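The two complexes that follow have chain A in common; it is paired with chain B in the first and with chain C in the second.
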Partner chain A sequence: MKRIWSLVAAMAMVASVAFADTTLINGAGSTFMYPALTKWFEVYSSIDPSVQFNYQAIGSGAGIQQVTAKTVDFGGTDGPMTMDQMTAAPGRIYHIPMVMGAEAIAYNIPGVSNGLKLTPDVVAGIFLGKITQWNDPKITEQNPGVNLPSSSIVVAHRSDGSGTTFIFTDYLSSVSPEWKSRVGKGTAVNWPVGLGGKGNQGVSGILKQSPGSIGYVELAYAKENNLTYAVVQNQSGNFIEPSVESTSEAANGVAIPDDFRVSIVNSANPQAYPIAGFSWMLIYKNMMDSPAKGKAIVGFAKWAVTDGQKYSAQLDYAPLPSDLVDKIQKKLDMIKY
Partner chain B sequence: MSRNDTSDLIFRRVLAVFPISILILVAGILFQLVYSSLPSLSKFGVGFLFHNTWDPVNENFGALPFIFGTLVTSLVALLLAVPVGVGAAIYLAEYAPPPVSRVISILVDLLAAIPSVIYGLWGIFVLVPCMRDTIQPFLGKYFGFLPFFQGPNYGVGVLAASIMLAIIIIPFIISVSREVILAVPTVYKESAYALGATRWEALSNIVLSYGKVGILGAVILALGRAIGEVMAVTMIIGNNVKISASLFSPGYTLASVIANEFAEADTNLYLSALIEIGLVLLLVSIIVNILARLLIWSVTGGNSTEGMK
Partner chain C sequence: MKKIVLTLAAATVFSWQSLSFADSSVDALIQKLEDKGILTTQEAVQIKDEVSTKEQSSQEKSFKSLLPDWLNSMKFSGDFRLRDQIERRGVVNGSASSRLARNRGRFRARLNMEDQVNDKLKVIFGIATNGENSAGLGNPRSNNITFGGNNTGEGSFNKPTAVINKAYAVYTPASYATLMGGKMDNPIWEPASLLWDPNITPEGGVIQLQKKINDLVTPFSTNAFFVLKDASPSTSGTAPKTDPYMFVTQDGIKGNLTEKVYYKAAGTYYGVSNPSHLQLDNRPSASGTSGTNNTNSMATTNTLYDNNYSVLGGAVDLGINDPLGELLPTPLYVPQIGIFGQFFRNLDLSSSRAQANAWQMGAYMGSSALNGWGTWKIQSYYKVLERNSWLDIFPDQDFYSGATDTRGWRTELDVGLAKNTWLTLSWYRTNVFKYYDHLNNGATNDAAYSGSAPENLFQIDMNFKF
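After this line comes the complex of A and B, so read on.
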């Protein structure tokens, strides 16, 4: 009996020592990044068992607010912070690109399979409500041989505020001056036409249920759910199929500024798929008030943008291009703790 | 004696804490809603209620389409649910053989416990295709002369959301109405039969008359549920900020826009406009409740504690 008690006491001591050595890192924000982060946390726990992560996928906007209020140690966002938001923060915040994602333009046209060709003009026209029928000459002239019906187009979009919508409206704003002035870009916008579905599953629900519908969903989601999706014409005039590779290419045709706050939609790279974006981790430059946390976050971020990328690629995120990874590591070295 | 007085007093004071805490809670919610929506209140003023644009990019906000959507879906849902719910309650309480009544009552209570997200999924996969392929084409063909049944047929929309809401609130109406009808003293019914009343006469003159306050209470409860319902409605209403006479067209409700956009609202004005939507939702519920209570008063002739006159 005595031995059992001493064993229990020993275990309790070990547990308390382990607990004392563990650094708990709290993060919040982007839901888009959440599956990648979860996978990374799981793998990273065996690489550095002394760090424990906790991430709340509450949305990019809320993530920015929480990191500004310093209620969390890092944030996650799909759209970069605005200048106003940067100045409102109590310290300098770095945007660290962690994953890249693309959006597929998925559709449900009876009798039409994958690979309908869409030009930027057509995409903007459909979402502005100007092209209303599938056999509109602007669509048929790019798709000879495809039997497009005369049925009307049902537009589906996200009803919840989301980074997915930000990237898509960012794309539309960059290819259509009319979209830019009439609607603009944001996590939620005033849609000229269409039905709103909540989440990727809401949009794909409308797509599956409504013949003649078109909408945008995350590429990984479109693939998993066997949605049919379009090849989209990029800035160089090539029709590009959305894929992990063509998404990574999107970062190669764009001059990446030092703060990484850049949009990579409508990339000039001839190989790039035009509707792609970064998700960023938001980290304070100065973390000298809690050196243990600073060390843990920087260590994790360095691992995630290098070795970690192969785990996120399993989840259909596009890997960051290698020259960008070098730049990110230099940036992470500038964080003080 | 004095010991009894003291314990009585303590008991009374302690009991009084509970209703007062409810008052404090409601006042606190109201204060917080008003305080947090001050930026939006001062920018848009009363116009917020009558303005029909919702543009987060240019920060131009108005609540009218959401108020409209909330009222229309709730009222259509009530129109559909009340006859079914009260009818079922009467049957269960008065006509059904006791074993049948017991089984159905258990099922009804089970229905009331299903989370609304489940109803929403069912809506997407079953109700919406059915609306698009069967119900709405039928309504459009035979009642298309009415403005309510015109326009493109998507399946999702105000009518689908209303039917969904009706299905969600029917169990509440059945459950409460059934209890109310069962509570009618048997002696009243027996007196009616003794006077030679038929079953229908006993039911309409005695049972429903005695129970109408309770049944209206059930309807108010159901209405409150319909106004505040979020998930199921959001999943099938189409979430489109516009006002249309057609029940086929997509719409939007107050609760849905909060659920949809709160997490990603990134500026102060945007957040505060969403919180003001919450304030409007609270006020709409209060006004509808007051109207319903006035209705009860008019039905019962100003005396709501005593159903029989």
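After this line comes the complex of A and C, so read on.
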């Protein structure tokens, strides 16, 4: 009899869990912060089981489109929305910084390991198609002792709309006037040279299959796939390796505007890696039409920018500076639901 | 060893997935491997990502593989508009015959197909409902079908016809250059309708150039050649042997003065050749009772154009994004506010001909695009089209039947209701120009303009885009 009562009690518990109110939050956008979001969702589900998340990593451009069309509850982007995009949205959208990350310039040069030194001129020259061989004097003079071949350089870039591309072209635009005028920055640009690959996987595939190739991928992705990557000269003239620490330095000393739409590429900090950026959650300020979702999103975002940062650090993201976290929390308090 | 374990883990996960287990089961397995220390957090996230990507990719591929390539690259779009139109034209000097009061139910449907032929070339084709003109042909200024029909062959639930609304090719040889040919969406920029009815899809060829220099300045140039009529060769002695055509060059700049302040300005020249002594189709009715008898100066029998048109002018649009910041309470959000103006003059008039100016001033406030509930826009402008300023076959047909020699207000409110659905309320308060001149000159008898009277036109539109 006791066993039956136990069974009934267990079933009642299961039923109460099954029928408990859950709030489903849909999001879409950035692939850059997708690993962090995935980890956060997983951990957060034990902190607030009443909230479930569904996030589609379809790229920043598509994320902006979907949040603008309100087909999702929040968006994710690595490139801030333009004013035109913001004025087309059915309400004020807040950019909430969630992670900071670096992009590695990865290459496949037989016999050359990690640490090839690249100056901004060289990076821009390669992606503009003006430096076409690995033994170009502009490369060799920075890399004495490195046996660089005379083979042609194969440039790989993203073919899809991507926040990763935004950060990289933002960097090139900030260091190269020619790049800025000829190509510019954006989630998708007209590349002067190169082969396009879809997603980090596509670029990585080109890099692995093509000796003499070079491309840009997220640092975590480069590490996971054992890609060799460069150290890049920053604004102070120091060659810096991409890392969690050097990414954190990129945000130090940068004046963060109230709307958080800021670029941290080509930082003036001497210890900063120059190709770094924020990823933002895009959240409507007015969520009074769906208060449960508003409360859930704000609760999650507050947790992610504080306690959640330790999980993102495991994934090679740099933690957000503490003074920025304070500002973000104040901004989140302004969301109405 | 670790590589083998990872491979086995991935293989297990993929095979698990292939047996159509729920995603949550796959996640649970990965979580278990992570908990046991077999996978790191990074590896777990990566495998989940790959599982998700592969699943999505295989579903997309299986569907797309069923379709031919040309269909895979084809995009469809369109819209449907349902309209209630209320027309009121007043009485002039007690002449009841000039009164007009009617309500009309109307609809318009358009379907567009776009196919990317290759990286640099696409073809656009569109069909639409046929807003017939008086000759029963496709009205270039309207695709409206009136309930019950008001034109030849309509009425008693007759089936209206569809027409080719557009058909053109777009070639982009470089990021800054576009070439177009065919019957196309109007490539000439106007901040609001002054010279062109928005439904017009001109026929000819266009070269467009645009190159961003910096955030402040992006020059653009549009150069077009439009054929107005395929004129039959004539031996009458006065008729032209060449087709009437229009050459347009529009050159301007646009950009942002600050992040919030934007502008666009352009000068435009329209050269219309060979319209003299040639009747162009689709001009407003010359009937004295229709209220449009004061349109362009005409030659013989009031049906043939008597002037050439060399129209020069410019337009400017100046606005501010997010002008109020967060000053207002949260639900009140003003994304954009702006003003605009246009001025054009027909330089090709003889000294005896006056009334050569067209101009417009207005303001707008609201969203830059309608994207569902919460987006809105209100716009109002005052417009003057003097008699010979512009060919009367082109202006907005809702603005006093599209005639010249008119002036008045147009005010419009758009409210987004749901995704791809919005309501538009429009009010045209218009009149014939000469009518006011006549009264201002102290005339007490307006018999010469017996059909000319103030007109109020209200439109309530439900719009659906797909």
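The rule is simple: the second predicted complex is superposed on the first by the 316 of 337 C-alpha atoms of A that agree within 3 Å, B and C clash if a C-alpha of one lies under 4 Å from a C-alpha of the other, contacts with A are read in each partner's own complex, and residues count from 1 in each chain.
The criterion applied here is as follows: a contact is a pair of C-beta atoms (placed from the backbone, for glycine too) under 8 Å apart; a residue touches a chain by one contact, two chains touch by 3 or more.
Since this is a predicted model, take the numbers as computed values, not measurements.
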Partner chain in contact with A:24 - chain B first, chain C second, else both or neither: neither
Partner chain(s) touched by A:181 [first = chain B, second = chain C, both, neither]: second
Which superposed partner A:190 touches (first chain B, second chain C, both, neither): both
Which superposed partner A:47 touches (first chain B, second chain C, both, neither): neither
Which superposed partner A:162 touches (first chain B, second chain C, both, neither): first
First, second, both or neither for A:87, with chain B first and chain C second: second
Touching partner for A:64 - first (chain B), second (chain C), both, neither: first
Contacts of A:39 with chain B and chain C, given as first, second, both or neither: second
Partner chain in contact with A:314 - chain B first, chain C second, else both or neither: second
Footprint overlap on chain A, comparing chain B with chain C: 184, 190
Of all residues in chain A, those that touch chain B in their complex: 58-62, 64-65, 85, 152, 154, 159-163, 183-191, 194-198, 202, 205-206, 209-210
Of chain A, residues touching chain C in the complex: 34-35, 38-39, 42, 57, 68-71, 83-84, 86-92, 180-181, 184, 190, 199, 201, 220, 224, 285-286, 288, 311, 314-316, 334, 336
Complex interface listing, chain C residues touching chain A: 27, 31, 41-43, 45-46, 48-49, 52-53, 175, 212-214, 256, 259-260, 262, 321-322, 326, 330-331, 333, 335-336, 367-369, 371-375, 416, 419
Touching residues on chain B, where the partner in the complex is chain A: 53-58, 124-125, 128-129, 132, 152, 154-156, 234-235, 238-241, 250, 252, 256, 259-266
